[in-house]
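As structure tokens, here come the structures.
Two complexes come next, and they have one chain in common, subunit A, joined by subunit B in the first and subunit C in the second.
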Partner chain A sequence: MDKLGSKTVIGAGATFTGKIANARVIEVHGKVNADLTAEKVTIGEAGHFNGAIHADLVVVSGHYEGKMQAGSVWATATASISGKLHYETLQMDRGAALNCHIVHNWTAKNHNPAQSDNDDADQLLPAASDKAKNGAVPTTPEEGA
Partner chain B sequence: MFGKNSVSPVTPPNHSQIDENVRIRGTITVSEPLVMAGHLDGDIKADTLHILSTAIITGDVTAQSVTIDGRVHGSIVADKVYLSATAHFEGQLHCQGVAIDHGAYVDAKFTKEPVTNG
Partner chain C sequence: MSAKPYEQMTSLHEDTTYILGDLIMEGSLEGGDHPVVIDGQFNGDITAIDVIIREQGKVTGTLHAQTAVINGHFNGNLVCESLNVSATGIVEGEVQANALSIDLGAEVIGSISRINAKSK
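Moving on, here comes the complex of A and B:
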């Protein structure tokens, strides 16, 4: 019995519809209409992918449409991407067509904009209100001293 | 990360394969050979289908020829079916010819009928 070498391939003549989970390495050369969670995704030149992707690395040489959340994205010269793209690092080759909403997506471990924004807001608001208070009542003990 | 070495050359293969860790819900239609090693909740249409021992399929299988080493729950429609010793099959079998190895678990209703799809 032959081992597959832990790789999933959707061949050029294949059509897939549904949901794919737990795929470590997946290559798409056919038509896929699916939500996909994987480590590494390759969409070949003839590949069409329609749906959401959550992955560490996505290499796009074919057509992609959907919402992608990926650590690293490489759009090669033949890529065509539409939809929404959340990435941490992005490489785009000359010729790649991106018609999409592109968002640089910091991960929580590196940086959490929502958290820091809230912190900033929390820090700013009391300070502002303190100032207002101080302005209204100039003789606070600290300012007096 | 983006080095050429980190990415294998992308040459469209003439077959499809589903890795053993993969969990799938949906439908796969393939006009070429398919090797299935993962879990599928859904239907498969393929030309030549090999269901490896790690595969668990719940759904309908349609193919020209099917080799089963794993588990299938559902109906199989095929010209030729080969159930190996590790196969576990429950359901309905519509085929022209079937071969079953000694040791295979089969709990199925057999129907012989000409099939030309797949």
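Moving on, here comes the complex of A and C:
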């Protein structure tokens, strides 16, 4: 009967404010202010999402602000993320803008924000500098050379 | 006068807002220029041009639209230019519509009035 499947879409131009429950697959092309738990969340290029996301897979092509806890995160070239990002695997395309606190290896079971935040932040430092090398013109970090 | 053809309104489009499946939403939704299709549960306020509440859809609250098609369940305040309640539709509450069609089998419980009486 259903050619639309079970995918919920917030269309371009639409604005939703409130609570969302029982979501499985949701696509956001409009503006959403909500807290969301889902299996898969897609934020389209024109999409704005404001609020917490708790999901297995999050694909961000638009703007996200809030606290995201996800198994896999894919930030495409047009993505812009601010807030907090807890992830297990992260893919970031060249051009993606991440202005957020990033914590690796988040899992729902053993997550303990009070302890893990600082440890994981330290581990992230080498990875962050790797990204800088790959993304920018190679320069030596020495000063006054 | 009557609402747009059902198929035309439900054709897959990225701009259309779909609330499908077991989803439960609470809050306010503005559909912008594009249709809103509801097959899940929605509590709150909806403002849009075209709104379809499908068979499994259940909306409680207020609904403002140009055209509304109710195949599912609506409870609350409904204000629209053109309203169609299909055979499977149930509408409870206060309805304000200028063009109204109710199919055989539909349940409409409550009050019905025009949005603003046109000068004769």
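One rule holds for everything that comes next: the second predicted complex is superposed on the first by the 103 of 145 C-alpha atoms of A that agree within 3 Å, B and C clash if a C-alpha of one lies under 4 Å from a C-alpha of the other, contacts with A are read in each partner's own complex, and residues count from 1 in each chain.
Criterion: contacts are C-beta pairs under 8 Å (C-beta built on N, C-alpha and C of every residue); 3 or more make two chains touch, one makes a residue touch a chain.
The structure displayed is predicted, hence computed values, not measured ones.
Overlap between subunit B and subunit C is detected when the two structures are superposed via subunit A. In the overlay built on the shared chain, the residue A:Ile10 is in contact with subunit B and with subunit C.
Within the superposed three-chain arrangement, the count of touched residues of subunit A is higher for B, of the candidates subunit B and subunit C.
Legend: residue contacts after superposition of the two complexes on their common chain; A:His48 is shown touching neither subunit B nor subunit C. Contacts of A:His29 after superposition: both subunit B and subunit C are touched. When the two complexes are overlaid on their common chain A, residue A:His63 makes contact with neither subunit B nor subunit C. Legend: residue contacts after superposition of the two complexes on their common chain; A:Trp74 is shown touching subunit B, with no touch to subunit C. Of the two partner chains placed by superposition, only subunit B is touched by A:Thr89; subunit C is not.
Touch criterion met: A:Ala21 reaches subunit B and subunit C at once. Shared interface residues of subunit A (contacting subunit B in one complex, subunit C in the other): 2, 4, 6-24, 26, 29-30, 34, 44. Of all residues in subunit B, only 1-2, 7-8, 10, 12-32, 34-35, 37-38, 42, 52-53, 69 touch subunit A in the complex they form.
Every residue of subunit A that touches subunit C in the complex is listed here, in rising order: 2-24, 26, 29-30, 34, 44.
Taken together, the subunit A residues at the contact with subunit B in this complex read 1-2, 4, 6-27, 29-30, 34, 42, 44-46, 57, 59, 61, 72, 74, 89, 91.
Against subunit A, the residues of subunit C that register as touching in their complex are 10, 12-37, 39-40, 44, 48.
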